[in-house]
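Chain lettering (A, B, C and D) follows the sequence in which the chains are written, and residue indices restart at 1 in each chain.
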Amino acid sequence: MGSAARIPVTVLGATGVVGQRFVARLVQHPWFRIEHLAASERSVGRAYAEACTWQLPGETGGRHANESHAGCGARTLVAATPEAAFAPVVFSALDSGPARDIEPAFAAAGAVVFSNASAFRMDPVVPLLVPEVNAAHLALLDTQRVRSGGRGGIVCNPNCTATVLTLALAPLHRAFGVQTVMMTSMQAVSGAGWPGVSSLDILGNVIPYIRDEEEKVPEETARMLGTLRDGAVVPADLTLSAACHRVPVLDGHTEAVSVRLRGDPSPEAVAECLAEFRGEPQELSLPSAPERPVYVHTAPDRPQVRRDVQAGGGMSVHVGRVRRCPVLGIKFVVMGHNAERGAAGASLLNAELAHARGLLDA
Amino acid sequence: MGSAARIPVTVLGATGVVGQRFVARLVQHPWFRIEHLAASERSVGRAYAEACTWQLPGETGGRHANESHAGCGARTLVAATPEAAFAPVVFSALDSGPARDIEPAFAAAGAVVFSNASAFRMDPVVPLLVPEVNAAHLALLDTQRVRSGGRGGIVCNPNCTATVLTLALAPLHRAFGVQTVMMTSMQAVSGAGWPGVSSLDILGNVIPYIRDEEEKVPEETARMLGTLRDGAVVPADLTLSAACHRVPVLDGHTEAVSVRLRGDPSPEAVAECLAEFRGEPQELSLPSAPERPVYVHTAPDRPQVRRDVQAGGGMSVHVGRVRRCPVLGIKFVVMGHNAERGAAGASLLNAELAHARGLLDA
Amino acid sequence: MGSAARIPVTVLGATGVVGQRFVARLVQHPWFRIEHLAASERSVGRAYAEACTWQLPGETGGRHANESHAGCGARTLVAATPEAAFAPVVFSALDSGPARDIEPAFAAAGAVVFSNASAFRMDPVVPLLVPEVNAAHLALLDTQRVRSGGRGGIVCNPNCTATVLTLALAPLHRAFGVQTVMMTSMQAVSGAGWPGVSSLDILGNVIPYIRDEEEKVPEETARMLGTLRDGAVVPADLTLSAACHRVPVLDGHTEAVSVRLRGDPSPEAVAECLAEFRGEPQELSLPSAPERPVYVHTAPDRPQVRRDVQAGGGMSVHVGRVRRCPVLGIKFVVMGHNAERGAAGASLLNAELAHARGLLDA
Amino acid sequence: MGSAARIPVTVLGATGVVGQRFVARLVQHPWFRIEHLAASERSVGRAYAEACTWQLPGETGGRHANESHAGCGARTLVAATPEAAFAPVVFSALDSGPARDIEPAFAAAGAVVFSNASAFRMDPVVPLLVPEVNAAHLALLDTQRVRSGGRGGIVCNPNCTATVLTLALAPLHRAFGVQTVMMTSMQAVSGAGWPGVSSLDILGNVIPYIRDEEEKVPEETARMLGTLRDGAVVPADLTLSAACHRVPVLDGHTEAVSVRLRGDPSPEAVAECLAEFRGEPQELSLPSAPERPVYVHTAPDRPQVRRDVQAGGGMSVHVGRVRRCPVLGIKFVVMGHNAERGAAGASLLNAELAHARGLLDA
């Protein structure tokens, strides 16, 4: 698809940690091209490269040394309103507060908003989507369109911690049925954005609390593993307990998981089920889809977040140490990239699925 | 008790991370005085300050700036044999391998060995002792003495991770009865000694594996919470699942715990039970006993290992976030100093208990 | 001195990183007692323990476990105005902006303000004081009093990086004369306050820039090493080049220093000069004075900030590796506690000097 | 060049940190193909993937997820002798001790050894080579060949800290002439190999000492900037003082540099000279050559090691903050990848230069 034919998109909240990852992924995307970068009022009118504390390798705006493409550091930031920043596809890296007003405004103007914000995740007509897990839920976009009579709508990706967990649970839920889950997380600082976590708080420390996280994980996980029935999602019937911690790691959440599965399968059967798992993004060969959504490690001390998080562009989750749990039957560790698979890459993959299904056509 | 009257002691493995903490605690102890510092062959004959990479604040050997006492940096290291290093009380910071031969040799020579090594922890006649938890098990020392016909014996402190956990479980076991435990640890690098964990492995990383740790924690915990009956310990009847991780923290293990208790008490009842817990060390006012063995935090984001681990000389464990667990009933986080409460301070407190009971008298 | 007889003091900016250290030092100070804790408007009326994210060991307000004194977590914060918060002695942990108005207001009301802010450090009539270095400059307080006709005044402690450097240069300046200095700093994150440096910026990183720092160090150092002549400070005639870096260290600035001294003394002579250095705080045995203001290490790899920074309550600076520099003659490393010797402890020592000289009497 | 035509090479010390980087670079190299992986005796006969604690992203042996090539994790390790491991080109990641015997053995057998070891760096007939800096010194390889009458020889890359510094000094030396240099380093832990620096030593710490480093930097730098005259290198006539520190950074050395240049050029002239610098690797478009050997940053707080070290495959050095130094005239910060530009990538670039000049032909 030539540059002219690529679908114009807007990034909302382009200067933040997740917004930057949207930009870095979009500057060379085969299907989408950046039309607008939108930011909060105090940044409007400034060049992206000036308004932004770039967190990623390479230069601000996604250009890398020795690359021929231009990046978008020179772009002027516009206001986050449909008037100033409309495009048929919108990626939202907004915080939940601003998202509550801005995302519906873009949807009402006819845009499909792929959002990383939590504002509408539990809205009954909004798909809370991980394409490998619950691609069928995308049908809720039609429900939104029918209601509004327009082309617009909102599609959410889940909380990063829930995403990593759910990618490991989904194959097991399909194959066996998940009944009970205990999850203890060790989460990276990038999950809190920039400036986010103070270095005074986290250097050499573990903080055993992340606001709202232990509530979001169970409800979002149950919704994603749930079934679409009569135009509504019936959450999966499982019990989930989450304990969330911040650790001095840059990118990537590690989660220690114990799970009770129907039929009490062996660790070998569980590992095989996870390793063989493929979903619709793999069948459709979506541009951001990893070859293997769940990468199963056999080394006794892997996955390790610093060493494994970037594999597959940060879009695989990594499972290791599948073993017996004396309490729930099976335990393992799962690790994934909170800011890619759990945020920017997630919404981009959602948009790719929608496009592959013809839902973004003019 | 004047210096002359203090009981002479030997430190085995004096140059290592735990050995150093024994030294630092002993240089000003009111009841004990260092008679011998023993080390491996290649260090014998060298001054302690030269043979040792001191890990603690102050000068090698436990002297602090502006303190009047001398420390023991100038002492000459001796061989770890009863011939070279006998004293009636011995503190062992040996690795498990050497401990297997050396500790019984000292016991046979008439010494009471207070050991941090794992070699004899599960030996039926060796007390695996945390004085607040199972002071009654110290009676096994008599069993050893009767068998050998001598004054010697071995008393072990448990694995550091098990110690921290058990101090939080013991009050609950007494008050309610512990049935099921899930524990996910985030452990400090000092738990692996020096040089121990390579910086290349742990900087910005989480390692989801610690050799043998997930096996030791359940068996040692059940033993400590068990009952002495007819001269043998009957382990507590509980199911415990442990998942152990190394994190880039210097000192102090953080453990996320879920627990099923008989009678399903409320979080408030659990917190109160923990906060009011006192044991024999507190009743006897042992020199190394913390005022509160379990310190219950009310701030939503505490305990934090870097900020709380030193409180009470590292001898308290810290509990926070006592709340409902949808799976097992109660969850909380507990944190304690692996190298003090979980190692050197632990064996010292064991020795203090033995002395207070008159078991170390000539 | 009984509690009643102690001098009442106010802490301005009590909730910040430096303010907390003032509080922790003052709760048990033999000469001073806290009368008011003042904070910004949004904290006024709240309890100190609630308004404050406590950074130090122990409980908010300076109480440690098992201590009998009360701490001041329960105190109500008052406004930072003389009307609400007057005391004859004031410790200021304000940022430079607010300090510009608030400190003179307290001075005008008759208080002697001991300030850690940079606002008035280069004011010709304000002593920029390190008691071991330039106790004579305190005479400028009289100049202020004569001008105002009142009892009030302002006394500043220097920038933390300059303080650590100057404590090492002062003995050499006295003994030999300092001509040229090159200083490269590796500074702790606590120097930027809380939340200060984002963990996303500093984990596993070095930031080669600290705003204004390379300008402050030369001018403040030259002023402190200067001479009081005819009621004004004549700065020392030396050339100083500073390069400042932030590193992932919690507390304590490490500085690599090369220096050209008159007479080209040997490393041994330099080390001896530093080790023997004592100043007026040592002669007067001021409560916060370390026994040795400059502690000279002989181990080849010391001082190390994490291991040595707390020695002497953080009030000593540590010098090591005194050796030949092929460019300037002598090089060494110096390390000191930015938030104690370089901030809260600094101003407290200044106040102790003033009190010992009778300048704070009613 | 097809796989068949590629030059077979041996990697000595293949399991270490630098050896792994050789492997990762060679598995897909256009000119070279791995013939032998050699290791110490206890690893001989084991598969590479088993004998090696892989430090790099992807799987052991250089295969990345989703890549079609095979990596070399399944290769069997052979002994580090010419009999077992001969190839016409050898890359040595040996420690200095073993290198002293093994490298000459391979050279005597007719191999050209490109070595990262320090053993022969100061040997008068061994080129100490950075291709952008002193490509002419490669002529010493002919001297070796004439002496031995064979095809073999040894070519060294310098110490990592010296390499980073010299790449920044070389353009200035050519354009102006370098007279005096002060360099303070903040070095990554990977420079010490694996396990290398203990996490207990470096977490939250700065170690102001690296053995032999302050001696190597001046002598190697002067040699590289020197001139080949009558078959011998005349070192550059400059005075250099180095102060070396270890910091908790994974990869990449940061160096604060002050320099006195002939003619006292402005910071702007210095920055322009560095930015425009190109060398023979760029002219020849060698496969491992970065487009810009010195990348000059204009942001006030860059380069930052964690964010910039990977740019250009780790083969560029990064300069920032070029400014006036009151002592020596110019100061700046330079940062480079110790294990790529300073080790594996360095020797590989040396081999590419030799090959491009026809020195490796059969």
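Just so it is clear, contacts are C-beta pairs under 8 Å (C-beta built on N, C-alpha and C of every residue); 3 or more make two chains touch, one makes a residue touch a chain.
Only a predicted model underlies this, so the values are computations on that prediction, with no experimental measurement involved.
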{"item": "Length of the shortest touching-chain route, subunit A through to subunit C", "value": "1"}
{"item": "Higher-contact pair (C-beta pairs counted), B-C versus B-D", "value": "B-D"}
{"item": "Centroid comparison with subunit A (C-alpha atoms), farthest chain", "value": "C"}
{"item": "Length of the line joining the C-alpha centres of subunit B and subunit C, rounded to whole Å", "value": "39"}
{"item": "Subunit A and subunit B: spacing of chain centres that average the CA atoms, whole Å", "value": "43"}
{"item": "Rounded Å distance between subunit B and subunit D, as computed from the means of their C-alpha atoms", "value": "47"}
{"item": "Shared-contact residues (touching 2 or more other chains) in subunit C", "value": "55, 201, 203-204, 248-250, 306-307"}
{"item": "In the complex with subunit A, residue positions of subunit D that touch it", "value": "55-58, 64-66, 203-204, 250, 290-292, 295, 306-308, 310-312, 316"}
{"item": "Complex contacts: residues of subunit D adjacent to subunit C", "value": "180-182, 184, 186, 201, 203-209, 218, 239-241, 243, 245, 247-250, 254, 256, 258, 300-307, 320-321, 325-328, 331, 333, 335"}
{"item": "Parts of subunit B lying in touch with subunit D, wherever the complex brings them together", "value": "17, 55, 189-190, 194-204, 248-250"}
